[in-house]
């Protein structure tokens, strides 16, 4: 008998779980930076799925896609952190649940 | 190993190239000139860039060609949107001149980022692959994140930047996941190939993965176009961002979002229309209703316009649901006319503010109708146009949108739509009520003399609104031709 | 010189266009005048409205009463994609209404001479815009074009009420007026679109031209919906009984001229809409709804009379009396025989003249006393004899006393109603009694009795300008009452054609499919009445 | 010359316009002159017309003139057109004649009143309208006159508009008349819908083709109009109040001319009525009921003008009794004589007021006999005439009516009996008036006494003329029991209304009537075995006796033993109160119609309009706003709640797709 | 045969191990109060995903993952966290509110939806880059080639994007220009 190799679904499910955890982080954490990290986690989990697809479908598109996604998330990291720094300078906090100057 | 370079056609991406180049130039100039005296010339330079780009865009109108391995195309659809974006950008620049130093904004980076954002929008409109679409969207979004928070030391500005950034990134995650699933279930990121593959494999219509992918894409695009329930960022961000940028967002980002939305859903995922119709119907109704109903109770005009922009997204979604060629054409038409009237309105908001007090409360408008007659008349025209009163552009836009819905026999959708626009009349009228019927409780004085640029902007906006209201035939014909390639 | 002549001739074959857009030209010229020069502004506005009236007069004489169908037709492509055309034309029905509009506008501008002292420029501009909207709506033969003018009217009227209205509740009134009307008309827009696509599918011709759309037969089930949508829009404008609540507020708060135009012309838009669009387009549905509409109209007649009897505010009283009078108009229109329809068209004009004059008169004493409360007056006949005489004449005409215009209209309407359905005629006729009751009681309370309030002692009688404003009205009241043939001659053919076409299309759509909602009996009855009348006619 | 008959109404119209436009600018004499001469001209002209008409053979004493089309719509066509026949010329003469004298009288009476020009304007307008009414050749134009005279009576009753009572009375008159006109209008509608025309000649030609019931309805509807205009039960209430107007007006409009329009109308429509016996019976019944009802009220009134008013009502009742039994010419005859003596009585009363400086209460008069002799001596014959004393005009006309009521196929002894009793009452209260006013001691306060003086010539001359007329006016219709009879007026009117014989022959078909007729032929008692002539004489005698009895009682009560009335009033307290308060009818009407309508109006306005309708409209607006106020609360401003909202939305969308994917 | 099974078993073990570690670490990242700890756990998660990439025969991406994510981005984040001393976060407890509970529930339900989507695995058309071909060409080579041929345009776009990001970051944090206080 031959043991079946790891099905793509397994990787995809891992990706889904990571995505969900990231989402949970976004929804629950107060610290803006941790929220941002959770978002990064979400993007990364998408990368996992993409790589899985490209491996399963024998196409390079996914890999290239991931490559660009990483570039994008890097850029977002830069801008995002800059925003948080500025936010901290003006408001002395980056706790997203203390920031609702504008509402209703 | 052999390296086969795919066809490279710079004429197709010429507008983007030009804008990016001008962006760089402005950046450099901005670095050299001190910001002591206002850097209006930077604004004019970027205008020049936009005009040049315009001249490179128009010739693409008739062509329908792909390049860069089908990553991007120059078809009527894309070009129409590119023109729209160029108009939006030019108006934004016009109204920014003068406002920039009033709001103490680093003008070099400001204009450059507007250029880059415009590039991103144009890429979104022209993209024919998920990847270029994604990158265009990110280019736009990142620039806008920054622009929203560019007013240094302004609490609201930075807060709005933060909110927009977090939620935007969050939404990007969903969008990306959706793209991944589409890719996973079709094996390609080129829209044409996706469509072909779906046609070739009917059983795909039942595949959960692609359907969930569509759901996730809906979330991603829905966020950009401020569709309920992904709209909640809109009022806060619009209120906090610099007014010129608010105008830019309300028109440009929305238009770009719809460009991608329509492009992906109609040209790639067309066969799934039956699946999304029902849900989009509900969302369209929700978007219209929430936007209008909440706008009624607003006291801050920027927030009010934000909610109204949500409502307008709802109207456009009506055409989206209709899904026929008329509907798509009317989306293009509506977005263009909406750009004119909305930027016009925000221009008035800017002109009424001065350093230190921006006068963004609707109550601040009491009695200005007779003290600044032209201003009042212009604001009235924009408000009535948004309310859909003939013979203004807004009416024609609604007319086409609803006629599309009626043509597709979505009578109830159309009826809800018109009733909504009747409700919307209430808060648009409120502005005119204050401007003309009420005596001011406090005088608004010492306004900075209206700069030539802003005057031009208002005139262009009014011209656009009137032209598209009284002689809409040409623009509509253009829009109809533009979507030929798409459907 | 030649050049000028050629221009004039070129204007002649764009007659209606000239009439529609002349006021806008006037408005633009006003824009250029310094807003401080009030007298100049007034004069220019008056000149233009007069010119408009003078230019519209030839319509009346050049109009050939024998021709069936539209005259002075102009047609141009506007939005080819949709087959929307710039299509103007008038028949015997719209002709008179156009004249009424141009006529009343002159008087309105005259009457606001001293009443409006602030923001005269803006006032006159919006008035001229309003005139364009009204005339346009009457001459438009393309549904979209009509809708455009229809909505365009709202804005200047809204401003008139809101800016120059009575300070107390003007904003509420203005906004209520605007939104109420808007809410009604948007449904009509949808109906227009549905109609367009139905026609497109059946005939393949893309057109909003009402003359074309007359020809298409619409499935009955759809007709009900479309008619309902149109009817609501028009019924709000008329206003018919349950939809009338915007009217008293608007009338009361508006400045005098505003009320005059509102009562004189804007309300006619609704009735005109019924006769030009709703009924000929959807005869089957019109028949089905006929009992409902007639009953509502009758309720309106009596209800309006009863309510206005108890009013304490002159303008409100007149406003509710309009509800009553417009009830007559609707009733006659839906009697669907010569007398009823002609009577109702005539009553539109009468109401324009008599209620218009009533508002003018109320405005005149309002200018003097700055109150509209009936209780503040009393015994004015003693100090203002001329006013008393004119007021009496106008009151009598609105009561419908024989010899005045009101009688002819009311009589024909009631006769028509009586012929089509006896009960309607009988019940509606009771309105005649109530009408006399409330108008005379009002007159008594205002004009008769001792002068209790010392303020009224030193009231000045009408000035020359005011008399000059009223004389045409009074003359018209008598001319229309004594020699109505002058006007009937113009509309006979059109109305006859309207009825014949209506009946023909009705039968077409009858065999198209069996009615569901329609109470067949009632439907037939009216047709019987009409048939008999047409074989007498 | 007949083609110029439109001149008759034209003259007053001219007078109206000239006086109306520049009455206040020109001197008063001229105003009066214009007013009177206008009427005088039309009187003269109608006299000429009369002669020309008499010149023609009776058969074609009918002429029409159409002036121009009036209301023309589809099959409906009416013209402004006049027609001349014995009936209309008679009315025209009465109207223009009497009003001519009253105009002259007014010059003196209104002399010194600030509203002098207005007065003459109105008066001319009235004559114009009245002439339109009587000369019209179609129902619609008749209706114009019908409402027009109503308008004038409104204007003239409220002539002294500062007096609230006056303006109230005017309004009341107009509205009550409108109630009648409502019926008249419906009658016109029905005529048109059934015959397709409103022209008298055509209508009366085609009427026989209609079935009786329809005609009956039409007749009754028209009669409703008549009850309003001619102050019959139940719509008479306006006439007593109408006495608020100047006395010549009461005399002209509310005694001589306008109020008789109903009678004229029925005579004009005799064809219809003769076809509808039921309608006739109703007319007769209402007429006689009104006669006795009003007379009974008249017994106790103390206001001199009100007494006359109620007597007018009851006399009108007689006329309706006459036309109601098919004796149209008798009705018209009484109309004419009544015009003379009642006009005279009012003018006399006016002269009395003039003398008593405006006093109206007879209890404050008395003994004027020798203070104002002319008035007195003109007053007496009128009183005798109305009391039906042989030799005076009233006698002929009234007894003709009574005889017809008894003998005509539509008549009935009961009608006759009631009529006779009413006659007795009439003579009583008329002489009561006479005695209280002119005889006994003067009960007036001193300063009034001082000023008592005879009226000027311009007033007394008309009195004289009219008194002559009210004596001789009856001799055009002597019943044939005397000297073979000399019923000129009957013959004259015959071509229009038919002589009684024909009426009897033509319409004896109605069973009930016939039964009554037969019964009365074979009826036992006095009538048995006598021929009609002696029967007539007997009845005449009875009525005369009763009239004299009335006079005698009045004499006893008010000359011999003036304390008796008070005692009687005490003895029969209830009856007296009821009569003095006119059966409380005004109160009942006021409560049941006026107040209830006002209440309804207020309720609809405050309750329904403001609360329900407007409430709904504003309620919707408020609901939307409230909805918005709730929704905006979801915008907490916290970025995480927004993200949460996005998640929820995403979940919903995904859930929809999942379910769809599973179940489809 | 046998050694193939062995390798597969090893693959399974590695996969399960790294996957479970990744999930565990990410959960810790979300739940730690101290941002630094969260950051470290996130880095650990990224490393685990890098291993997964290796299992998926894409070493190049794995390397980039380690360099860009675990290296650059996370360093930046940690740096910023240090920069803004955030001891407030440490003192204040994690607010566990009802709404957050609902949020978690929502996310979990969404996750089920995602499972439902991915369970059947990819259905897409299979491309020409089989793992053999890639391994014989060399993954990096292939990527590089594609990057400069078919993916030229995206590559250029990214340059603009990064430029925009840099400019943005600078303009946001740069001190207010002289003389404009």
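The chains carry the letters A, B, C, D and E, assigned in the order they are written, with residues numbered from 1 in each.
One rule holds for everything that comes next: a residue touches a chain if its C-beta (ideal position, glycine included) is under 8 Å from a C-beta of that chain, and two chains touch if they have at least 3 such contacts.
From a predicted model like this one, the values you see are computed outputs, not experimental measurements.
K.L.:
Spell out the chains that contact subunit A while also contacting subunit C.
P.N.:
Touching subunit A and subunit C alike, sorted by label: B, D.
K.L.:
In terms of CA centroid distance, which chain is the most far removed from subunit D?
P.N.:
The most remote chain is E.
K.L.:
If you tally contacting C-beta pairs, which pair wins, B-E or B-C?
P.N.:
B-E
K.L.:
Give the identifier of the chain nearest to the protein's overall CA centre, each chain being represented by its own CA mean.
P.N.:
Chain closest to the assembly's C-alpha mean: C.
K.L.:
Measuring from the mean C-alpha position of subunit D to the mean C-alpha position of subunit E, what distance in angstrom results?
P.N.:
105
K.L.:
In whole angstrom, how far does the Cα centroid of subunit A sit from the Cα centroid of subunit B?
P.N.:
26
K.L.:
Cα centroid separation between subunit A and subunit D, in whole Å?
P.N.:
Taking the mean C-alpha position of each chain, the two centres sit 99 Å apart.
K.L.:
Provide the C-alpha centroid distance between subunit C and subunit D, rounded to the nearest whole angstrom.
P.N.:
Their C-alpha centroids are separated by 38 Å.
K.L.:
If I count partner chains per residue in subunit B, which residues reach a count of at least 2?
P.N.:
131, 135, 138, 142, 145-146, 149, 152-153, 161-163, 166, 170, 177, 181, 183-184, 187-188, 208, 211-212, 215, 235-236, 426
K.L.:
If you look at subunit E, which of its residues touch at least two other chains?
P.N.:
Only 103, 106-107, 110, 113-114, 116, 118-120, 122, 124-127, 151, 154, 158, 161, 164-165, 168-170, 172 qualify.
K.L.:
Among the residues of subunit A, which ones contact at least 2 other chains?
P.N.:
12, 19, 22-23, 26-28, 35-36, 49, 52-53, 56-57, 59, 61, 64, 68, 72, 75-76, 79, 82-84, 86, 96-97, 99, 101-103
K.L.:
Could you run through all the chain pairs that touch each other?
P.N.:
Pairs satisfying the touch definition: A-B, A-D, A-E, B-C, B-D, B-E, C-D, D-E.
K.L.:
Given the complex with subunit C, which residues does subunit B contribute to the contact?
P.N.:
Going through subunit B, the ones touching subunit C are 370, 384, 389-391, 395, 399, 402-403, 406-407, 411, 414-415, 418-419, 421-422, 425-426, 429, 433, 436-438, 472-473, 476-477, 480.
K.L.:
For the complex, which residues does subunit E have touching subunit A?
P.N.:
Residue positions touching the partner: 1, 4-5, 8-9, 11-12, 15, 19, 22-23, 26-27, 29-30, 35, 38-39, 42, 45-46, 49, 52-53, 55-58, 60-61, 64-65, 68-69, 72-73, 76-77, 80-81, 83-84, 86, 88-89, 92, 94-95, 100, 103-104, 106-108, 110-111, 114-115, 118-122, 124-131, 134, 142-143, 146-147, 151, 154, 158, 161-162, 164-166, 168-170, 172-173.
K.L.:
Any idea which subunit C residues touch subunit D in the complex?
P.N.:
Contacts found on subunit C: 176, 179-180, 242, 244-246, 303, 306-307, 309-311, 337-339, 342-343, 379, 381-382, 385, 396, 401-403, 407-408, 411-412, 414-415, 418-419, 425-426, 429-430, 432-434, 436-437, 440-441, 444, 447-450, 482-485, 488, 492, 496, 533, 536-537.
K.L.:
Can you tell me which positions in subunit B touch subunit D when the two form their complex?
P.N.:
That would be residues 162-163, 166-167, 170-171, 174, 206, 208, 211-212, 214-216, 218-219, 222-223, 228-230, 232-233, 235-236, 275, 278-279, 290, 293-298, 423, 426 of subunit B.
K.L.:
Inside the complex, what are the residues of subunit B that reach subunit E?
P.N.:
1, 3-6, 8, 13, 20, 24, 27, 34-36, 68-69, 71-72, 104, 106, 109-110, 112-113, 116-117, 119-120, 123, 131-132, 135-136, 138-139, 142-143, 145-146, 149-150, 152-153, 161, 177, 181, 183-188, 197, 201, 204, 207-213, 215
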